[in-house]
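These are the structures, in structure tokens.
Next come two complexes, and both contain chain A; in the first it sits with chain B, in the second with chain C.
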Partner chain A sequence: MKYSSYVRMTPSRVVLNEKMLTFEDSGKNLLLEIYRKAVGDWPKFFKMDPLSKVGFVSTELLLSTESPRVKDCEDRAVILFNRSGSLADDRIYEGTIRSREEFYPSPAVFVYTLPNILTGEIAIRNKYYGETSFSVLEKFDASVMLRTLEAAFVDPMTRSAVFGWVECGSEEEFDVCLFLVHREGEGMKELDEKEFERIWKI
Partner chain B sequence: MEDLKQELKEKIIAALKLADMTPSDIDNEAPLFGDGLGLDSIDALELMLLLEKNYGIRLQNPAEGKKVFVNIDTMAAYVAENRTR
Partner chain C sequence: MKRAVKISDNVISPLGTSTVENLDAILRGESALRVHSGSEKDIPEDFCASLIDEESLSGEYLNAGIPLEEYTPFERRLILSISKALSGTGIDPSSRRVLFVISSTKANVELLHSENPSGKEYPGYSAVKVASFFGNGNAPLTVSNACISGLSAQITAVRELECGHFDTAIVAGADIQSRFIISGFQSFKALSPNPCRPFDSSRDGLNPGEAAATVIYTWKEPQEGEWYAERGAVRNDANHISGPSRTGEGSYRALKAVMDDPEELAMVNVHGTATVYNDEMESIALSRAGLSAVPVNGYKGYYGHTMGAAGIMETALSMASLDKGVIVGMKGYSECGVSCALNISNENRPASGKAFIKLLSGFGGCNAAMLFRKKGGAL
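The block that comes next holds the complex of A and B.
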């Protein structure tokens, strides 16, 4: 498997293809800053849960490296993983139903109580019609993730994928390691377990 | 009534997370759905929740919302008439 770009993002640091990006804010405000500076035309961002916000802005950075930015992809999959699922939003939703006196379950919060909503957000934004999946693992495991990716590429239709790890405990705690991978690509780097772990450690 | 309309706009902006929008951006007669604020079905459910939480109004039939949530004017009139708090 080859990759053309990667993004590594934590609450205080963003690295895009070996280059450290400079932002003024961190945590929740970093997400907003990235949205304002690098996106700006997708107001649904403000309605997203923490996991979707994290996955959305990091994917936007990752895809900003494509020129021209690809649209209407029948052959691009979105294959994501993390450890906490949608726990960040689950907690927010639980807050809307915790008290008998203040029992107001929010539909807008409830709709994000599944991690695979993020794959849908990415697919809708970019008009990707390929396979999407979100798997919850016990821990970061490059080997398992790459095997899952290879399985997605068994489908001859799939030629590229947004792939990787999007962990989010809250808007202040997240850890992202995403790649734009391709079945084949001249001059692109090979994404094997060793390379995945090298970038994970950046 | 004008105070209620202003209050509704503020609550709608907060509840529906309409960032970058201020009450003055919302026209009293502009449709909330469709071409107006571009709200969706989940937003409609949030508006129902807003009425219940803030004014003690429980819409029994979601179809009722169609008449209530036409614009700020219709919403304010309904709240003024039916509020229990």
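The block that comes next holds the complex of A and C.
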């Protein structure tokens, strides 16, 4: 598998294609700062749950390197993994139904209690009509993710994918390692297990 | 030519603990849907659902050697369904050439209600426990794509076999209809207080349902009379995170991607949740794909929406019913309530054809379709 870009993001650090990006804030405020500086035109961001915010801004950074930015297509998939599923939002929703006395279930919170809502948010933003998929693993496992990615390319429609790990425990705790991968990419770097691990350790 | 051949399957629901028992029950027109008092789940509103009585499975758990205290109901039901599907197949589930793929939307989320879920709320933790019960050491995948999970999981499994990564894939799905899920769907105004009416003019929402289901695939040459997965596709509406597309975009594209010749299809087994928007969207997608004349059916009128189990149980029931040459009637349907007319009946009817398509759609704008064929022509 070839890749053209990667983004590595934690609450205190953002690396985009070997370049450390400088931001003033960290954690929740880092997400807001990235949105303001690198996106700015997608107010739905403010309605998103923690996982979607984290995945959305990191994907925006990843795709900002693409020129021209590909939109409105069926041949790009979104294939993501993590450990916590949507537990960050699940805990928020559970807080709204904790007792019979304080029972205020909110559809706006409930809808995000599925991790694949993030893949939908990315598809909507970019008009990607291709495959979207979210899988949960017990822990980060580059080999399993790459194997699943190879299997996803069995679909003859799929030519490229936003692929990788988007873990989110809350708006203050997240760990992202995303790639823009391609079925064929002349002159692009090979994404094998060693390269995935190398970038994960950055 | 080798294919992902279905070796075995199982369905556990309030109507039975095998695929055959379930098929016989729905062919008799039985439904598992009942009106329940909200107090059963400590929620203000009553609801209509198909719920498994956990007590009723205790004998089965004992027979399968599942220690109750070590597993949550979600995990037990998965293990029981897989055990029953494996029985008599001769497959060694502990082999390194066997992959476990779990399909669930909410796994053990109900544990969040307790003070200290101590890590058991993580879906990957449950998947490892289930695979470990069978002595399997490969990292299991937990596919979490909302309501299409059961097809997503099968598509993933079939591709892993096609790539030669494994020889056999065990795909199992389940969800528990907890207070969490029911209150959420109620807040969404998506639930019907009565048994649901898919595609009907008076439909007013879905019913939550509980089931566990398994399908096992092995990569081999299909023999006469065996079912195999021809191909599957997942496509996104790229439109809205909870509202289905008005043009049926993702479902239409998924159908186009898997379809060969509509003439060979015995039926399309739809999602048919009985929400106003889902069924309307499916009718548009099917019509755009040129499938208006093909018989359409669905099982939500018997079981409600069983979430992570749905795609797997509906696949297993479709194969078993077509083996009998029958298309199960769409319970709850009486008068067409969608804008594109389809070939639907609430009566069981004879099937002809050697293939069918299973269709699902879900939150996040995702849609999935799979084409299944039976080796040997006529049903």
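Here is the rule we go by: the second predicted complex is superposed on the first by the 202 of 202 C-alpha atoms of A that agree within 3 Å, B and C clash if a C-alpha of one lies under 4 Å from a C-alpha of the other, contacts with A are read in each partner's own complex, and residues count from 1 in each chain.
Everything that follows uses one rule, which is that a residue touches a chain if its C-beta (ideal position, glycine included) is under 8 Å from a C-beta of that chain, and two chains touch if they have at least 3 such contacts.
Values in this document were obtained by computation on a predicted structure and should not be read as measured data.
After superposition onto chain A, the partners chain B and chain C occupy separate space and fit alongside each other.
When both complexes are overlaid on chain A, the residue A:R198 reaches neither chain B nor chain C.
Look at A:R69: by the touch rule set out above, it reaches neither chain B nor chain C.
Contacts of A:Y129 after superposition on the shared chain: chain C is touched, whereas chain B is not.
Rounded to the nearest 10, the angle made at the CA centre of chain A by the CA centres of chain B and chain C in the overlaid structures is 80 degrees.
After overlaying the two complexes on the shared chain, residue contacts for A:F46 are found with chain B alone; chain C is out of touch. In the superposition on chain A, contact of A:R183 is made with neither chain B nor chain C.
Shared-chain residue A:S106: touches chain B and chain C both.
Looking at the superposition, the partner that touches the larger set of chain A residues, chain B or chain C, turns out to be C.
Of all Cα pairs linking chain B with chain C in the superposition, the shortest spans 7 Å.
Overlap of the chain B and chain C interfaces on chain A comprises residues 105-107, 111. The touching residues of chain B, when paired with chain A in their complex, are 16-20, 42-43, 45-46, 49, 52-53.
Here chain A touches chain C in the complex through residues 74, 78, 83-87, 90-91, 93-94, 97-98, 100, 103, 105-107, 110-111, 113-121, 123-124, 126-139, 141, 144, 147-148, 150-152, 154-155, 157, going by the rule given at the top. The residues of chain A lying in touch with chain B in their complex are 43, 46-47, 104-108, 111. Every residue of chain C that touches chain A in the complex is listed here, in rising order: 42-44, 105-107, 109, 112-113, 121-125, 127-128, 139-146, 152, 156, 159-160, 162-163, 165, 179-180, 183-189, 233-242, 249-250, 253, 257, 362-366.
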